[in-house]
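Right, I'll just put the structure down here and ask away after.
First chain written, first letter: the chains are A, B, C and D, and each begins at residue 1.
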Amino acid sequence: MTHRSAEVPESAEAPESAEAPESAEVPEDVTDWWATGISRIRPGEILLRGYPVEQLIGQVSFAETIWLLLRGELPTPAQGRLLEAALVAAVDHGPQAPSIAAARMAATCGLGLNNAVATGVNLLGDVHGGAGQQCMEVLAELEAAVAEGADLDDAAKNLVAEYRATGSRIPGFGHRFHPYDPRRTPLLDLVGAAVADGEAPGWALRAGTALERALAEGRSRPVPMNIDGATAIVYSELGFPPELGRGLFVLSRSVGILSHAWEEKSGGARIKGPLPRRLLPSYEGPAPRDLNRPESGGHSTGSA
Amino acid sequence: MTHRSAEVPESAEAPESAEAPESAEVPEDVTDWWATGISRIRPGEILLRGYPVEQLIGQVSFAETIWLLLRGELPTPAQGRLLEAALVAAVDHGPQAPSIAAARMAATCGLGLNNAVATGVNLLGDVHGGAGQQCMEVLAELEAAVAEGADLDDAAKNLVAEYRATGSRIPGFGHRFHPYDPRRTPLLDLVGAAVADGEAPGWALRAGTALERALAEGRSRPVPMNIDGATAIVYSELGFPPELGRGLFVLSRSVGILSHAWEEKSGGARIKGPLPRRLLPSYEGPAPRDLNRPESGGHSTGSA
Amino acid sequence: MTHRSAEVPESAEAPESAEAPESAEVPEDVTDWWATGISRIRPGEILLRGYPVEQLIGQVSFAETIWLLLRGELPTPAQGRLLEAALVAAVDHGPQAPSIAAARMAATCGLGLNNAVATGVNLLGDVHGGAGQQCMEVLAELEAAVAEGADLDDAAKNLVAEYRATGSRIPGFGHRFHPYDPRRTPLLDLVGAAVADGEAPGWALRAGTALERALAEGRSRPVPMNIDGATAIVYSELGFPPELGRGLFVLSRSVGILSHAWEEKSGGARIKGPLPRRLLPSYEGPAPRDLNRPESGGHSTGSA
Amino acid sequence: MTHRSAEVPESAEAPESAEAPESAEVPEDVTDWWATGISRIRPGEILLRGYPVEQLIGQVSFAETIWLLLRGELPTPAQGRLLEAALVAAVDHGPQAPSIAAARMAATCGLGLNNAVATGVNLLGDVHGGAGQQCMEVLAELEAAVAEGADLDDAAKNLVAEYRATGSRIPGFGHRFHPYDPRRTPLLDLVGAAVADGEAPGWALRAGTALERALAEGRSRPVPMNIDGATAIVYSELGFPPELGRGLFVLSRSVGILSHAWEEKSGGARIKGPLPRRLLPSYEGPAPRDLNRPESGGHSTGSA
């Protein structure tokens, strides 16, 4: 066998010199600074929200574990299946998504898959990953109006009118690429079934579909609900706060990001830019000039 | 309702001006530059490895979807459950893991949850996230030796001796923190059951446990298999290449990273450093000196 | 000499197969998609804002080059020196800054220095890196009021009163750690000298010091201008838009981030968490419970 | 003036509750865990390698400050100028570099400029940012051979022959895009002048040019030194270790990355993918298939 270098890493989780805790004083404000209720890690023990991890392995699904860590308790089986469906729905949207493209390029730069995935996930910002979260906020607003006595359809129409007056789009609706989003109906059907079974409250489904109807009124071109709207309904029905709608989208889309990074890495390209190498980015800058010849437009000391 | 700014983002996936494809020429080398076999996105259609996404929603689990995107086909139910168990096992290891701590700090810096998750995932490098991958490579090496006619236990002992001679650790074994890893046995039991059912080949389980036995020989202190070794066995049995062992660890650990980032963000701390604010990092640098007074150690022009 | 593997990378900038541009058609919308006015790269030629790079090397300082790339023209020597001073001022603030701590931890995880620097820079978000930018916006607001005829000191007092009424801090002023910021006066002195020489307009210096006076009125404890306020004045005087105030802070702080990552990497620690290994993060979660024994608080199916 | 929200961030560096250090015990192993020799931060004091920061502001250049923080002492003026020239030389290489393209795309995703810069810097990995570092290692190897008595030109020829035998490229030489690199000669001229003035030792310049000569022997097509080779010579002459060659390239390239991110952000594009929206990535995956109809290629349970 080949010779091993001393650089073979130990277990990823092995701290360097974790002797048994010393009898030195434990500064409580220091350990409290890193307090958490999510997990307790002691020698030989890993509790996740109080459950020994060995109880969860093989007993609880990955989606149920995601719920447990984020919410503190396990979901009902029906809740777990709804969460699962939403996570499956958003896993990928192809290389024209900047999060996917950036991860694919990263995979050609001599980085680990973790760096490529991190690159893609980092791009799921307010504009590229935030619509689900913002739609959940809109649904919550409609529900607040209903709780104060407003008629849902009226509230929806008012909200649509407000957005249109400011030239804004309602997050979760419309899609420049998809005339209809194939992920909408399967997700809404699952929510509807859960509501019918008493497994989901129903308010977000009602609010979301009311918005969809209000958007369709008097328009020739539909403004269909898209993946962000559909998952916003699911996550709202499941009781997640809007910001975690973004977090769950991140977990889902990480799957596509990893897959694309792996496919690119397996392809063997190196230092892959956005275009085939024969193409040169168009140039819109100054004509060539000389630092020492002002007549060329050069300024050895310039002013902005 | 509150006034909406025009900055409300549209759907995260909505390209700006995706009119129907023009009749302008399609430069094939350009579209081929971003070719993929993972997904096909067309107006109204999303195929994931050939399957319409709407078929997968509610029909296929999140773990099975991960397999589908990475491998190109769906797993058997037994394979899906094994993958699920391994993903569940590695979700968290608490705030003393730098990936978790960095993500928690990021969550206090006015960033989105995606940025916090990306921060943590970026740290799962060769040393903090690579042991599973390296263990898979070691298992494959043992299997190659067996395929060439070696006795497995002899091969395992030889490998152990080699590592010890160079002062290296075998990735996947030992743990400075855990005298035994509570995740080992549940995972190996599941693998064993799958092998017994003819759902897994068995070679990696045999190789991994042979290594464990070889490491235990003549030692007073055990060198138990840890999470990286156990998941390495699972992922090898499932036919994943070693580099995807790292990728799957990333998907798993992202769950803990997100949960910790969310917990920290909910706590409201701002600009959180590693220690309570009353503590100041020790200083090991030069005594205070004066740029203009060489006798203080200052050098207005220094030399390195 | 040692044997070279075929994995030695070629030049970081060498595209794989950059034959001379083919005679195939160039799709203009594609090359326009990546249009830029910053640089033109052609075989044997690199123009930076129109200047051949070989003219800049050795002729223009790094700070002047930063200005050239961001603004499109070279600065005057006085402008370049002011920019230089501000960049120097903000390079580091020690390991209790999360951007520094995260980069130091990253350096122990088997990553490259670029990944460690990226980790730290990623944390310079709205809360950890945004105060300079926000202060520039405030200065611009004061200037706009003056341009409309308001008295500067009155406008400053009104602004202070507004902030105090909402319990907000004015970005750029006060510092929980420093009773006075040693970087303030050197920077303001340099701005003052530039204004006196006719090299800077003076409006931001006047606005910033007016704010400082207004904040001091009737207070026993001073609210001194801090680094963000001082650099905000410099960058505003130099004509940079507020968002580039953030960008310049990033370039400056990258120096400290790199230095700390390098120091940590040189130290040889591995998988360094936030606390010495003998310390365990405090646990605030549920008592240990059993998935299968509800009386322990466990729920084999939970509800959130 | 507009109403301020309470969310206005305080100074980026203001810790939340930095009261004067308590009289509580200071756990030394905890403060030592974050020990540094780079800076000392105390209320009202910031020492950078022992120098009060206020002494450096306006007195020391940005390049000299970079040297001070990385090396611990200030450079000579000549050393500072050489470092400056190398930093200027590598600032940009246009949008076909994946680090630049990824940062430009990030700038369209609703992220801060710091996140866009971090995205680009993260891609400067072993393959996209490592050639300078690897070239420095090669130069050091040649110098070691010379120190052991070898003739430099013979050693260079042997090394070239070794690389060619394994089909590898010597890092720092050749460039698929540039037949000659316009940054090579200005940098080497500056090094030559410094050597002539006794300000640089000369060994790396001799080793690098010997390699260049050896590569040219018997070849019709030249293999010119590129930016990585030229900066490797500069940084080696200045006494930086190879890994810091990568770090300095990161600081330099961050300038171009920031500029491109800013240009893109100013352009107002949203969610910008790698290609104009009319183009769809080529699809290489399975034909559309049905989960429930095996004859279409679908497998409701697949096998990998």
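Just so we're on the same page, a contact is a pair of C-beta atoms (placed from the backbone, for glycine too) under 8 Å apart; a residue touches a chain by one contact, two chains touch by 3 or more.
Owing to the predicted nature of the structure, the values given are computational and were not obtained by experimental measurement.
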Neighbouring chains shared between chain A and chain B, ordered by label: C, D
Chain whose average C-alpha position is farthest from chain C's own: B
Interface numbering overlap (same over half, different under half) for chain B and chain C: same
Centre distance in Å when chain A and chain C are each reduced to the mean of their C-alpha atoms: 25
Geometric centre distance via CA averages, chain D-chain A, whole Å: 29
Where chain D touches two or more other chains at once, by residue number: 9-10, 12-18, 24, 27, 29-30, 34, 36-41, 52, 56, 60, 94-97, 101, 110-112, 115, 118-119, 122-130, 176-177, 270-271, 273-275, 277-281
Complex interface listing, chain A residues touching chain D: 24-25, 27, 29-30, 94-99, 101-102, 105-106, 108-111, 115, 118-119, 122-130, 176-177, 270-275, 277, 279-281
Complex contact set, residues of chain A against chain C: 9-10, 12-19, 21-22, 24, 26-28, 30-32, 34-42, 47, 49-52, 55-56, 59-60, 67-68, 71-77, 79, 110-112, 115, 122, 238-239, 269-271, 273-275, 277-292, 297-304
